[in-house]
């Protein structure tokens, strides 16, 4: 291979820039020309291509978001569009593609590789919901962002002896919620994967009040229940001062952590190495502390389980 | 004076702990016994008093919130309650009080001082809306919190070429909104003090889109319009990708900045000095870079103006 | 078991407080009384014991350092001292001990367990140099601290087109240096485990200058060479503006990260569970993403290898 | 005026980029073409000029350092060089210059304005040592950086009951030292402006030890005494565990604070306005909370005094 392309797709995640930098720098070391596709799969169709040299990616390790921009992947489901993309690559002598992104984005990886265009994926989404990998690029930073925000909210909770419901990201999965809850000492966590029992929550809070707990902290994933709705339910049942905070997009941005910068650098290196050696239709992730290759089909179709021992410890620590 | 009390009241603000520490430590230096009142004016009525020694306030400079806890001030408007408070002080040989708080809290200062109990106030509220002082303790930290959050949101905005409306605190006043807007390069700021023209906002965004601006950032004070409502209005008039973030309580917590730690230390020193020397019914603030005394009555009744030159510069910088 | 003790020992590490909290809270859940030993092994000899209840450890998750204080472990090597410690435990009906610390501290674990007193260890040191565990509590935070510092230094380097040598902690091992170097895009890393060739370093910098690199960043572990010495060597061979920064103790403090808070909570839970079930002379760590038990003897005598693939990638990415 | 130039000079300071952005954006609003000079006064001589448009300065508010790069100002003292600079400006139809920098840099302002070339200065240096202004751009961020570092060191100090000497920047002036000391609760501060009495320091520490203070924190400006030297002196007189930390360049970098972003925006606006209206040989600063103009000659020749009330309060608070 002489020339490959790289794109970021789906929700942006801190560390995507570190992965782009790694592809460009290591590609250059190995005499591969790297073309940046601007705007995700859309840029692929619009042929928004720009060559990237080592100096173009200086300073990117510490930068949140993605300098290649990103977009939704919906329209890329059409086979016609996929063929157009491959045509665009061929007309520019681009022989392979690296897709940095999460679930939806790796569907594009799967689709193109089925059409015999070589593609390797790099697992990157703050949601950490990709099958086959313990971590995805961006998750560690997102949870650290959430933790720092909740630490601030705890100052307010403590000063006013006031309880709080904090809503974190996670439409379908509770990974961010669970880690944030343990790391901030939440009393209760609500995630989409586990049906919750409102009676038990009320009982838990009541018992805490009897034990003279000055405040309670509930962390809920947006996909379990909206914080506002939970607030209404609790207030209808208990005479308690309770406030709501929806963390939102601050979880998604910011300078990536050690963990995300390093796995981004390693994932990208591996994706490039595999692509050169003829690999395709796979996603690079990390499993049991080893860099691994996941079939793109599995990554996008199978469901990753939450860590139930993490989930269970929350109750025991919040005595 | 031999023995005084100190309390924090109203919304908690970063730097309140630094002010408590300063009262306790400097009181000790000057042979004044300092009694901490727990839970604001409510603790005063419930006689929730604890003596504080220098070692009790170690490590407080960097701590957000208030270790003395705080509460709303509504019930303290009753004269009966006020007299009960003075009685409680007298029974414990407490000869003066320092009230750390904002608008509502300094009404308590004014009320007690009118009844001839010596009180000095320390201007502290993240809202910065106290007449007679350029800054109140907590404002600088709150805006820095808002800025760091908006910097993260900007990563998302840039990566997706998506506009954002960020709602900051400020029910009646736009101080946080204006400073956050300038410091993050917002294109538009909406504050309660200035009627806004929705037509002009739409025109501004349209012109930006024509100039190929990839995204717009609007900062609004909660008291001007709720971000969700503004989002609906804009979407009904423009075909634009726009998202909302309500920063909420994360503005209020966290470790105080240089500015807040230092003014907290200085305000408290001055309040104590004045109290000992017979001062009462005043609030310590900072005006034109000098520590000043503001009559409590003025502080709570007069309205502080926004800085219109700051407000005007936003438009010019957002070209 | 009805009553156990917990202590922190050796260099303090962010997350030690989270581990203490986890022992106390989970102990309480399981009807085990937990006694805090103040000041490490020294406190054990001086019988500096205090019972800890769930409310005593509130707010500890986010707090750096160790509230139980710590001390060097040298004098604990004497058998007489060890027997005195066991005697002290027996006189207070303490039936087991949890030791939170690194290498030297787990020697104490090994010594006491050999004398048939039940001890479990929790792997905690910023240096990450404990055999049998991929990570120790405190390492992730320390490297993130280093990264944030180096990101700031990079602003200065870039603005002045000036090279920098940054010295990080690590007397015997290069774990902090390697991770910091990859995560900040250092051009060169020097670690105690690998003999470096000064000629190659000079050549590397010269080539960078020819490629119009505006500045170089060298990260060295204190145990490889002191930054000041390296500066002298480089300046004697090259006409280059170079500056030195020794990060020092700022790496060690500060609020722990997600990773350290969570592994601290899990390690402590496991140590307690094992201790109750009769385990002794082991250290809890994490290997291949699973919580594991390491024989204390191995933990303190075997040498953990650096990750050579991480080490190698630095050169390739710094083109 | 149709076309002006802007440069940053001397030590880089957080907020310089915000000032550059403000000049470019507001210049554009007012139909002034702005030329960026790369590399400070050196770039002026080498004619390293590039036009800057509003989009070129996007994202600069939050960025530390200076994208225009900077250099020492020594060689610019030659009149010949100064005349060469003016010639370069004239050949490019540049009619005025804005100099963003501190003491040394404003000497260049003074020199060129004496030769009838219109120049306005913007006060920017982390040292805050410019006469006529209460604050310079970068100081607030530098002290906040120092504070966050010292807060981390305090975790270590507390955990080990170990004293610390922290050396901060300030070769000639103690502004950073004084503010850092108050904000972190240092027991002792040493600054170049005040001769210190080593006997008094020893006595102070001894008394603290008698009062059961677990540790002492000394903040010294590099220009008062080097921390290593002070360590030797103290250790020769007292049996005390003491450690040293030299903060160094981490003070200088990083994302600017609210205060620095805002004064940078305002200072630059005022400098531009004055330049257009015929002003020259002045430096924009802030005095008593008002934006002011300082004659460049005064700014570079007169000595700014430290705030003695701040200095005095340190002792009283450290009981």
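A, B, C and D are the chain letters, set down in written order, and residue numbers restart from 1 in every chain.
Simple rule for what comes next: a residue touches a chain if its C-beta (ideal position, glycine included) is under 8 Å from a C-beta of that chain, and two chains touch if they have at least 3 such contacts.
Every value quoted in this text rests on a predicted model; they were computed, and no experiment measured them.
Peer 1: Count the smallest number of chain-to-chain hops linking chain A with chain D, moving only between touching chains.
Peer 2: 2
Peer 1: From the mean C-alpha coordinate of chain A to that of chain B, what's the distance rounded to whole Å?
Peer 2: 35
Peer 1: Need the CA-centroid distance for the pair chain A / chain C, whole Å please.
Peer 2: Distance between chain centres, rounded to whole Å: 28 Å.
Peer 1: Per the centroid of Cα atoms for each chain, what is the distance between chain B and chain C, given in Å?
Peer 2: 39
Peer 1: So which bits of chain C are touching at least two other chains?
Peer 2: Each of 151, 154, 158 in chain C touches at least two other chains.
Peer 1: For this entry, which pairs of chains touch?
Peer 2: Touch list across chains, by label: A-B, A-C, B-D, C-D.
Peer 1: With touch defined as at the start, can you tell me which chain D residues reach chain B in the complex?
Peer 2: My answer: residues 21-22, 25-26, 28-29, 54-55, 59, 61-62, 134, 140, 143-144, 147-148, 151, 154, 158, 179-180, 182-185, 212, 255, 257-259, 261-262, 265-266, 269, 287-290, 309-310, 313, 316-319.
Peer 1: Show me the residue ranges of chain B that touch chain A in the complex, using the header's touch definition.
Peer 2: Going by the criterion above, the answer is residues 8, 12, 14, 16, 39, 63-66, 69-71, 145, 149, 151-156, 158-161, 164, 243-250, 252-254.
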